Amino acid sequence: MNEPVLEIQGLDVDYGLGAEAVHAVQDVHLTLHRGEVLGLAGESGSGKSTLAYGLTRLLPPPGMIRGGRVLYHPEGGEPYDVLRLTPRQLRDFRWAETSIVFQGAMNSLNPVHKVSTQLVDVLKAHDPQSTRASRLSRARELLRLVGISADRLDAYPHQLSGGMRQRVMIAMALALEPRVVIMDEPTTALDVVMQRQILAQLVELRERLGFSVLFITHDLSLLVEFSDRIAIMYGGRIVEQARGVELYRDSLHPYSDGLLHSFPALRGPRRELTGIPGSPPDQRALPPGCAFAPRCPHAFDRCHSEVPVLDVPADRDGSDRSVACWLHPSTGPTAAVPS
Amino acid sequence: MAVPAADLKAAAPEPLPPDSITGPAARRRRFRFLSGGKALTGLIVLAFFVVLAVIGPWIAPYDPSARSDDLIEAPSGRHWFGTTHLGQDVFSQVLAGTRSVMLVGVTAGVVATILAVLVGVTSGYLGGTPGEGLSALSNVFLVIPALPLIIIIGTALPSGGDTLVAVVIGLTSWAWGARVLRAQTLSLRRRDYVEAARASGEPTWRIIFFEILPNLTAVIASSFVGTVVFAVMSEITLAFVGVSAFSDWNWGTILFWAQSQQALAQGAWWWFVPAGLAIAVLGTALSLLNFGIDEFVSPRLRSAGTTRVKNAEGKTVRLRAGFTPVLGREKR
Amino acid sequence: MAEQHNEVAIREPVAEESTADAVVLEAAGLTKHFPVRKRGRQLLTQGRRSVRAVDDVDLTLRRGRVTALVGESGSGKSTVARLLAQLYPRTAGEILLHGEPVTVKGGSAFRAYCRRVQMIFQDPFASLNPVHTVRYHLTRALKIHGRAGRGAEELERALHELLTRVQLTPPERFVDKFPHELSGGQRQRVAIARALGADPEALLADEPVSMLDVSIRLGVLNLLRDLKQRLHLAILYITHDIASARYFADDTLVMYAGRMVEGGDSETVTQQPAHPYTRLLIDSAPDPDRLEPDGNAEPAPETGSGEPPSLIAPPSGCRFHPRCPVAMERCRTELPPRFEVAGPAGHWAACWLYEAAR
Amino acid sequence: ACGGGAAGAGGNAAGVLNVGMPNGPQAENNNPFLETSAAASLGYRFVLYEPLVMFNRVKPKEEGKPWLATKWDWSDNYRKLVVTVRDGVTFSDGTPMTAQDVAYTFQLLRDNKALNIDSVPYGDITASGNQVTLSFDASQYVNQVKILQTIVVPKHLWTQIKDPATDPVKKPVGTGPFTLKSFTPQTVTVSQRSGYWQEAPKVKEIRYTSYNDNNAQVAALTSGAAEWSFVFIPNYKTVYVNRDPEHYKLWFPAQLAVHGLWFNTEKAPWDNAKLRQAVNKVINRDDIFNQGEAGYFYPKADQVTGIPSPAGDSWIAPQYRGRTVKTDVPGAKALLAGAGFKLDGNRLTDPSGKPVTLKLSVPSGWSDYITDLEIIKDNLAQIGITATVEKMNQDAWTKAVDTGDYQGVLHWTNDGASPYDMYRDVMDGSRYKPTGTGGINGNYGRYRNDEATQALQTYANAADDASRTAAMTKLQQIMIDQQPMIPLMAANSGGEYSTRHWTGWPDETNQYGPVQPTLRNAVDLVLHLKPAA
Amino acid sequence: MRYLLQRLGFYVFTAWAAVTINFFIPRLIPGDPVQSLITKAHGTLSADAIKSLYVLFGLDKNESLLSQYFHYWGQLLRGDLGLSFTFFPSPVSEVIGDSLPWTIILVGLTTIIGFLIGTSLGVVAGWRRGSWVDGLLPVTTFLSSVPYFWLGLIAITLLAGPGSFFPASGGYEPGLVPGWDGTFIGSAVQHSLLPAITILISSMGSWILGMRNMMVTVAAEDYITVAHAKGLKERRVMLSYAARNALLPSVSGFALALGFIVGGTLLVEIVFSYPGVGYELFQAVGSQDYPLMQGIFLIITLSVLVANLLADVAYLLLDPRTRKEG
C-alpha cells in the first residue's frame, strides 16, 4: 500500500458544550493513502460530514474539536498536525493541499458572485502571479471538465440547476490540483451519466496527479465500483473498513451487512430488500456499549456494555481490513479501553 | 414558538427521556443572548428609563415649573442638577421630562416600524401592481422631508398632545425602513424555503409574517431602534428649535431653555449636560439591546451561545466560522 | 401536438381502477423558458435569449401510481416539478388537475391547489427556513391542511407520528431542532415529513432521498409506496437513482435537455431501454455486481462523447444527436415525435429509430 | 476672525469695524427700501444711503440734525413741506445729488405702494432750484419724522430700474461715506469712498457678518470677532461684560413703544377695567426686567401712563409726572372687592360668580416672553387668578392675536416720534374689528372707547399745540383709568459694542443717538468713531 | 426597455405626488408671510407696513389654491422657482444656489466619509464578533445617540474659543470673498472641520451598527465557510464574500442618506452658523416663505428621487437574485 497522506487519529468532535453537547464524531482513526479513493458511507446523521469538515477545521459554531490529531504528510516533508496550524498556515494549507466539496451545494456558492468569479478567486488566492486571462481560461477548462458549457461561466448560482451547482463545486475543488480531495455527497444531484463522466475524470486525474479522495456518499454501488477502500460509519464511529469488493461480498459488521441488503440492483432479478430495523442512536447519550447493539440482531451481553475497538479481526488475520464488532474480536490483547 | 413547549411536555403521550431538550431549556436558550453583558446592560438601562417615565413626575423633588430664588445655581445637595435662570430645579425637570420622551419615542417607533414592515415587506413580497403601488407610496413618503414636515405639521396642529406628536413622527418616518425592508424582501422572496412554504399552502400573510419576517428581524430591530432614536431626537429637536407646542416638560424643552439662556456661555453646564446625556444614554441602551438581537434572531448564533471557549490549556479561543476551535482532549 | 399526444397516451399495464378518474395531474405541452440577461454587445446584436429549460413536456400522474422522472442533470426535472406545483408561471402549456385546466397565481385558489398537490424540494439545505424549528415546519403543514387535531396532545402525537414515519426517531430528539443542527439526510426527511403532513393527492418529490443512506432510503421509499397503495397517492418521483426507480416506480419517464425522450413502465424502461440516451444512462449506472471478485472493474461502459447541450441554444432536431452513437441525418434536422416501441404496451421513445415500429 | 481676536486686532490697524447681526445667511439684495433686503437686515443700507434729516430716537423731542436737507419748513397745518437740499453732496458714482433726486425719491414712494412702508399719503411733489415742495391732503403732524428721514436715491440710476419693488439693486449708489465692496451670504463688506460731503470717517471698512443665531452672535461678541451688534444676551454681566469689563459695553435706551400685557377686552371678565387695573397692580415689573429681560434688554416701563421714560417724559401730563406703578397686592384686592369680585381663599370669582382665569398665549420659541409670562402667572396667583401659559407656534399665535382669539398675550406697540403711535395702537377705535375677524392693524385688544378715538383724531389733526396737549393728556388719563393694556417694558434701540478698537460710541453720558447698527443713525455713529488709543 | 419606461413612469409619478404634497403642506400653516414678517420684526416694523408688504409680495390678489397650484406648476416647468419672501425679491434659485454648495460639500463629504469609515468598522466588528472592535461599539453608539446639536454646542464650547484653531461659526473667515484661491479654501476647510467631525461622530454609529448586524448574520452562511475552505486570504473572505453580501441594506441606506444630505442638516447648520441650505429651510418654515420652502423641498425631492434610483440600481447590481427574470 502507498504511504499515507492524511492520518486521522482519535478525532473527537462535539456540537456544543456540557450536557447538551452532541458527540457527533468519536475516536475516529482513519488513514488516507496516497492516490487512494477512500469511500465513507454510513447512516444519515452518523457524522460523516462532521468528520470531513472537522479534520479541516471548518465546522461552524458550536462545533468544536475535542481532541485527536490529523497528521498531514506533505510531499517529501515531515508530517504535521493540521489541528495545530495557525490560521495563517491553515489558510495556505487549505485548497492547495486539501479541497472540499460541501454537501449543500446551493449554499456553498456565494449568491452574489458569478460562477466565474468564484472559480477565479481560488486560482488567484493561491497563484497571485497568474494573469487574468489564464485564470479565466483555466476556469473555462474546469467547467468543461465537469460537463458544463462555458457559456454558463457568467451565470449566478441561482440560475443553475442543483446538479450544475454541484459540478461547479467539484470543478472548484479540482482547480488547484490538491493532494487530498474531500467530497461530501458530491453527486447527489447528478445523473449517472454525468456522475460516471466526472468520476472517470477524477480517476484519470488521480492517475495523473496522484491525489487522494475521501468520498462520502450513500450510493454504495458507486462506492464499491469506484473506491479502493470503504469505511462505514455508525453513531459517530467507524465500524468497518475494507476494500470495496471485500466489503460488498463479505461484510463483517452487522450494520454494513444491513446496508448492503438495503439497496436495489438495477440489473438482474429483483431481489428482496431487508433494510435495517430500529432507529439511529441518540448522539447526545450513546449507549454504553456498541452504538448499534440496540438494533443488532446478533447482539450479546458484551455488546451492551463495552465499546468495540476498530481493529483487524482475528478471523481475517493478515488482511488489511478492520472492524469494530465483538462478533469479530481482534487478535491483539483485547484492550477494550473505553475511550 | 406558537405552542408553548412546556405544555406539550406535560401532555406528551410518552414520557420523554430525561435528558432531552425540554421546553424551558429551549426557552432558556432563546434568552441566552441576555447573558452577553451588552444586551443585558441595555435592557436594564431601558427598564430604568421606563420606570422613570412612569414614576418620574411623582418622585421629582420639586415642581419642575416652580420658580424659586436660587437663580442659576450649580448642582448642590438641594438641587442635584442645579437650577435655571428662574430658579427651577433641573433635576425635577429631567425626571418629569422622561415620560414624554419615552412615550413619543416608543409610540413613534412602534407606529413607524409597523408601517415599514407592512408596506415594505408586503410590497417586496407581492411584486406586481400592488407591490409597485406600495413601493410608490413609500417613495413618496421618503421624498417628503421628515423633519421639516414634522415642524410644519406640528405648527399646523394648534396644540397637540404627546401622542399626536408621536403619531405624526411615526407616520412621517416609516418610509426609510420600508424601503430597506422591501429590498431585503426582494432577495428573500425567491428563496427555496419561502417557495416551499408557499407550496405547502401557507397563506400570504403567514408567509410574510412567519417565513420572511423572522429572517428580517435584524434589519427590523435596527430600524426600530433607529426610529425610536429618531423620534426622540425629533421631539427634542422640535422643542429645541422652539417650534413645538408640546407637553410642558421634556428633555428638549430643558435644552431649549438652556440654549436660549445660553447656559454654556453662562457657565451653567448643569443646565445643558444632564438632558443631553440622558438622551444619549437612552439611545445607547436601545443600541446595546440591538446587540443581543442577532443572537436572539439567528438560531445558528443563538445555539452558539458564548463566543469564547476555554481549551485544555486554559486558553480562551474565539468561536468563529472557518476556524473550528481545537480544545484538546480532557479527561472524561 | 395534440394528436401525437393522443396517440401515445401511456397505457397502464395494471389498471387498478377505471382510468377516467385515475388521472390526477396532467401536463400538456408544458414549456418554460428563462430569459437570460444580455451583456454588452449582445444587447445590440442578438435577439431575446433564454434558457429553454423545459420544452413541450407531456406528463400524467395517476392515482395510486408512482411515476419516476430520471434524466440528465440540468435537463429540467426540477423545473417540471415546480411548474406542476404552480411555483413558476409557465411559458406555454397546460396543467390539468382531474381534467380541469388550472392556472393559479396565488390566493386561495393556489392554496386549494396546494392542498392537493404537494412538493418536496430538491435542496433540503435551502428549503427549510433557518429560523424555524422542525416543530414549526411540521406543525404548519398539519395546521394548514387541518390535520393538527384538537389540542396540543393530538398535535404532538401527529408530529411524533410524522417524524417516526420518516425514521427521525426518537421524535423528541428532533422536534425542537433547527435546520442547521441537522445533517443533510435529516433535513431531507423533515422536508418529506412536511409534504406528507399535508396529505395531498399528488406528491411531487424532487430527489427526496438523495441524501439518505440506503437503509433509511429504503424505509422512506417503502413508506411512500405504502401511502400510494393505501391512500392512492399519485407520486412524481424525480431521481438519479435509476435502480430505485425500477423498484419503486410504476412508470418511468426519461428527460433530456428539456424534453421527454422516453417513457413506459419502469421495468421495461430500465431493462430494455429504447432511446439511445436511456441506454447510455442505464449503462452508466454503477453496478457492484459487474465487478470481478478481485476488484477490477469490467471495461467501463462507453459514457458517450461530448457534453450536455447548452439550453440557451439547443441543438436542432433531436437534442441528443450530437452525442448519439447512432444518429442519422434526419436526427440533425427534425424533432422526433413520440413513437411506440415494440414490446410491452405504453413504452414509447422520441427517437427516429422507432419510426419504423409505427 | 471668528476664531479669535486676530481679525479684530488687525482690523483696527486697517481701520476695520466688525459688525455682527444674528440674522442668518443673506441673499444679495441691497434695495434700501425693502425691509427684507440684506441691506436692511444687516443695516448697511444706512451707511450707503443717507436721510434728509437725522433724528435721535433716544431724545424724540429734540430737533433733527440737518443732513442731506439743510432746512425744512412745514406750513398750512402740516399739509405742506418745503425741503432745502444741501449743496455739494455727490453720490458715490460721482454725480451730484440735487433736488431732482429728492423729489424723485418721494415720487418713487408715492407711486409704489409696496415701497411706502409707512403709508404716508403723499400728494404733489415738485422740485425747483434746491428746494422740494411736498403737499398733503391732511395734517402730517404725526408723520413728520417718517417723511423727513427718507433716504435719497439717485434718480439717474433708479429711473432705469424696471420695478423698484423687486429689484435687488446689485450695485447700490448712495450719498453715504461707504460703498459696497463685496457681498457674500455670510459677510458683507463696505469700504470708504472718496468725495464724501463731510469729513471722512476714521473707519475705513465695515464688515457686516451675519451669524445664524443669538448664540453664535454672542460668542462672536465675547471673542471680539464682532465689535458692534444688537442681540439679546442673557445674564449679560457674566456672559459678556465681565469678559472684558473695560471694553465690552452695552447701552439699551428706551424708545417710544412698549411691550405689555394685552387682553381681549371684549371677553368677560377682562372687559372689566377694575380687574385690569388690579392686575396692573400685582405684576412685578422688577422680576420681569431682571429675570425675563436679563436686567437690561427691554427697559422697565413703570410710568403710570405707560410712556417709556426718559424718552417720553416731556409728553407726560404734569399731574402724572413722577408717578410709577408699585406692586400693591392689598390695593389690588381692595379694588377687586369694590368691583364685586370675591376672593375666596386663593380663588377669585367675578361678580357673576365665575372663577377668574387667564390663558396667556405665547409663541413657543420666545423665551423672554415665556419667562415674563411665567412671572406674571405667579403674580396673578396672589390675587386668586389662575393663569396658564399656553405655548403655541408662532403662526398660530400671530393668527390668534390678529383675530382676537385669545385671553391674554404679551405684545408690543408701534413706536413713533411721540407717544401718539403707541396709544393709537392700544386704543384706536377706528381700527376696531370684532373678535374673530382678522386683518386688524393695532388695537389687538379690541378696545372701543369713543373718547380715546376722538382724542387720537384730535392729536393728529389739531391746528394748535394746546389742543394736542389736551388730547395727549386725555389719552394718558384713559390709559390709567381703563388700562386697556398693561405696559410692562419699553422697546429699546440699544446695542452692544466694544471700545477696544473704536471709541466715541453713544452712551448714557453722550446720548447723541441710539446704538442699534440697523438704524438710520448708523452713519452718524460711525462718523463719531475714533480709533482707540 | 419596457421595464425602463415603467420605472421612469414610476419615478415621474412619485415626483408629481411629492411636489403636490410639498405644495399643499406649507399652505396648511395658519397665518401668512406678511404677518410672520411683522411678528418676526418684533415691533421694529410698524403695523402700517402690512398693506405695503401685501402689495410687495403680490399677495393682495385673491387667487384660489387650485389656480395657485397650476400657476406653480407653470412656473416650475419654466424652471422658475419664484421669489423668496424672506429675502424678497431675491429669486429662490439664487438663495438656494448660494447655500447649496456649502451643504453639499460639507454634508456630502461627511456622509460619504462617515459611510465608508462606519461601514468598514462595522465589517470588522461583525467579522470579529466579540473582539475589541466589537467592544468599541457601545462607545460609538453612545456618540451617535447624542443629539447633533448638543454635541456641536459642547464641541464649540470646549474646542472653539478665542485663540483656538477651530472657528466657532461661519463657513469661512468674514471678509474673505469666496473664490478658488488658497486662502479662501483653506479657511473654508478650517471652518468645516468642527461641524464635519461632529457629523461624522454622530452619524458613524448607525453605519457601524447596521453593517455589523448584517455581517454577523452573513458570517454564519455556508458559503463563508466554503470561502474559508478555499484558503482565501482572510481579507478577501471578509470583504468579497461576507461584506459584499452584508452590504446590501447599507448601500441602499447610503443611497438614501445621500438624498437626505440637503434636508437633514438643519441643526448642524444652525449650531455652527454654517451658511447651508438646512438653515435656509428652517428660516423659510419660520417665516412662511412658501416659494423658498417649496424650492428647497423640490431640491430635496429631486435628490431623494435620484438617490432612490441609485439605490434601485445599486441593488440590482449588487444582488443578482433581485433581478427580474422569468
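Miscellaneous remarks
Should a chain be cited, it is by its letter among A, B, C, D and E, assigned in written order, with residues numbered from 1 in that chain.
The rule we apply is simple: a contact is a pair of C-beta atoms (placed from the backbone, for glycine too) under 8 Å apart; a residue touches a chain by one contact, two chains touch by 3 or more.
Composition by chain, UniProt nomenclature: A, C = Peptide/nickel transport system ATP-binding protein; B, E = Peptide/nickel transport system permease protein.
What you see is a predicted model; the values in this text were computed from it and never measured.
Contacts with subunit B and subunit D are shared by E. Looking at D-E alongside B-C, one finds more C-beta pairs in contact between the chains of D-E. Centre-to-centre, using mean CA coordinates, subunit C is 91 Å away from subunit D.
The centroid of the Cα atoms in subunit A and the matching centroid in subunit E are 56 Å apart. Residue positions of subunit E touching 2 or more other chains, listed in rising order: 29-30, 153, 156, 220, 222, 225, 227-229, 270, 319, 321, 325. Residues of subunit C found to touch two or more other chains are 34, 36, 123, 125-126, 170, 173, 180-181. For subunit A, residues that reach two or more other chains under the stated contact definition are 53, 58, 60, 87, 104, 106-107, 158-159, 282, 284. By the touch criterion given at the top, residues 53, 56, 58, 60, 87, 91-96, 99-100, 102, 104, 107-113, 121-122, 125-126, 156, 158-159, 172 of subunit A touch subunit E in their complex. Taken together, the subunit E residues at the contact with subunit D in this complex read 29-31, 35-37, 39, 41-53, 55-56, 83-90, 94-95, 98-99, 153, 156, 160-178, 191, 269-276, 279-280, 283, 286, 288.
Residues 65, 67, 71-72, 85-86, 154-155, 158-159, 241-245, 256-257, 259-262, 265-267 of subunit B are the ones touching subunit D in the complex. Within the complex, the subunit B residues that touch subunit C are 1-3, 5, 7-8, 11-14, 16-17, 20-21, 26, 191-204, 206, 210-211, 214-215, 217, 297-300, 303. Residue ranges on subunit A touching subunit C, taken from their complex, read 15, 41-46, 49-50, 60, 103-107, 144, 147-149, 151-152, 154, 159-164, 166-167, 185, 187-197, 200, 218-222, 224-226, 243-246, 248-249, 258-259, 262-268, 270, 273, 275-276, 279-280, 282, 284.
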